[in-house]
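Order of writing sets the chain letters: A, B and C. Residues in each chain are counted from 1.
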């Protein structure tokens, strides 16, 4: 029954180069959307807040600078993940580009894989840029404060100056921030995959964004609902059932908010970081696979 | 025996309508065969099930009943799409890509790369006449240019079959002439073409065989010449005939048992007129 | 059909991930992450907007905003407002040493002094009572801060200072300087301060002497004027034999 396939090489069930082509195309598409204006706002916010904070002591200033930067980083990456992903599939269907792509020998899972990989790449680049801006501002402020400290304490004994400088340094950059930023990125990845999943059965990107906003808030309350449900605090089977559904279906987004406490000085253990990372990767994978499953049943 | 380029057997597609009890039957018990090397036109009014049929053949939509094959391979297999290029109706590509980048993207999707892909892109841009516009973004292309780049991407992997959904819809006469010429060229090179159209005059010029769909049912099918020929009539078209010659012919007719139905001056088509008028003065 | 299947998969996976998430929450508690319970009480305190913001990953920023408000309230000497705001701030961000420390400092050092100098209150007894109440509030902040951050020395040290400067309780002061000194990352002077404070306690002079002497022997750097003064005081008080005493002047 088989016939020769012309000039082409034999078809492979999975091709990295096909996924790569879609990934790069998705990344190009997203960067042309001027998403990087987000980053500009981020930079302005940071520099603005650091000027405003000049009246406080350096410990207060550094803490607020870190809180604002990392809080903004967290919300921006989450927003970017949701907004960027929500429009990918509906836009391709509306523009019929999805027909042209899937009429080529491209399996549907490769198409989705390429799309999500493009978003994750965009998120990684944004996180790197924001981290660099943040570290640059923090470093500049740290140098200024160190300089002032040396000047003010020019007559103090050596040991005291060293103590003071050590205090400045320890309240500025904290090495635990890096795993914290990684967890922020993982949370954004999770949200992107979940958005992709929702967008496979949604018809418009607005619907997806609205649903994701709800999921975002419920996800932050999931831990509370879970504990209430498991400890049997709830009264009545309706409440009990509702809590069970929330606990089972929604991801615990609060588990990814480690950075608040890291800024405040909590040290993150390797075990905690590893488990959080595994949970993030688990969710991202599961939601992507579910998106693929739904997409295979979709009539285009 | 070789496999047909396209085989459709007992194809039915029913779309359920959400929140309603009844559903829409887009295609009903369709049987279709397209032989290698022919140009087949699927004709019918809007909403007659042409696009749905094409989508099922390309594996974009799953059939409710029946099956479709491309060169003997089930349409549901990704592999079946190796031998086919598709141009959707009114295609929008990624506006931010240039013509060249578009072809490179689709070439990569077909597993092409390197020098082979580069040469193929040059060749196709030349073929569809977009060599000068290769670096321009698709956002700046006219509808005819988009259609041509669409045709180029459908041909990127040298498919043996090309499926075109309304290839000339919304394109001006000059543009659609070019597309017709390209299709004729494809046929000359032995590529099978399946196209859908509701513009019958154009289909008539291009197709070897046609099928007419109405409400999802194939109501007529066959070789174009056979379908439209009127068995008991013959036309003569004369040039530089004197009136004397014409009178002689008429008297010959009167003496036989044949009947002269109509006698008129030949006219050019409006399209021919339009094309002559617009190509006399080149665009500034 | 597919939708139902997806829902089923989600629930089955939910049952799998549930223990992982619970496990993670336990680690969070052990490592003092997520020290905030989101409940109705907190919502009333923060108001709707603040509560939502706090929930959606802005907890630290809400805390900072309230902290700045507290700073403004302090500049206006609105003490009850300072107290209220610091309670919110420390509830939202219990891992920040800075907030507990500032809260205690405002209460025990600033508000207490202001209460003592309150011209609107002519009766001394009431002024003293108000002052003692602010001391207690400061102490309360520090104790709760320590409960949330038992592994970091700073708040133990501040609590020790509070006992020393406000309550004149040398025994407690010594105890908390000692606790601070035992933790990693504590400044060296905590050990010294603990021993100094002990030297003021009736009946514990011998213990204080041993500790000061040990510090003296450990390193040249420890032989600071106060240490020598306290050692000499204890040598006299305990009647240490001349040949065991430290020399009058540092060599």
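Definition applied: contacts are C-beta pairs under 8 Å (C-beta built on N, C-alpha and C of every residue); 3 or more make two chains touch, one makes a residue touch a chain.
Since we're looking at a predicted model, the values are computed, not measured.
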Category of the chain touch graph - line, ring, star, complete, other: line
Chain at the geometric heart of the assembly (C-alpha centres): A
Euclidean distance of C-alpha centroids - chain A vs chain B, Å: 47
Distance from the mean Cα position of chain C to that of chain B, given in whole angstrom: 81
Length of the line joining the C-alpha centres of chain A and chain C, rounded to whole Å: 34
Residues of chain C whose C-beta touches two or more other chains: none
Chain A contact footprint on chain B (complex, rising order): 2-3, 15, 55, 58-62, 71-73, 78-79, 81-94, 96-97, 105-106, 108-111, 113, 150, 153, 157-160, 163
Complex interface listing, chain A residues touching chain B: 1-3, 5-9, 11-13, 15, 17-18, 20-22, 25, 28-29, 32, 95-97, 99-107, 299-300
Residue numbers on chain C that touch chain A, as the complex places them: 2-3, 5-6, 9-11, 13-15, 17-18, 20-25, 27-28, 31-35, 37-39, 52, 55-61, 63-64, 67-68, 71, 93, 95-98, 102, 149, 152, 187
Contact set on chain A toward chain C in their complex: 56, 59-60, 63-64, 67-68, 70-71, 74-75, 78, 163, 201, 216-217, 220-221, 223-224, 226-227, 230, 247-249, 251-255, 257-261, 263-269, 271-272, 275-276, 279, 282-283, 286, 290, 293-294, 297
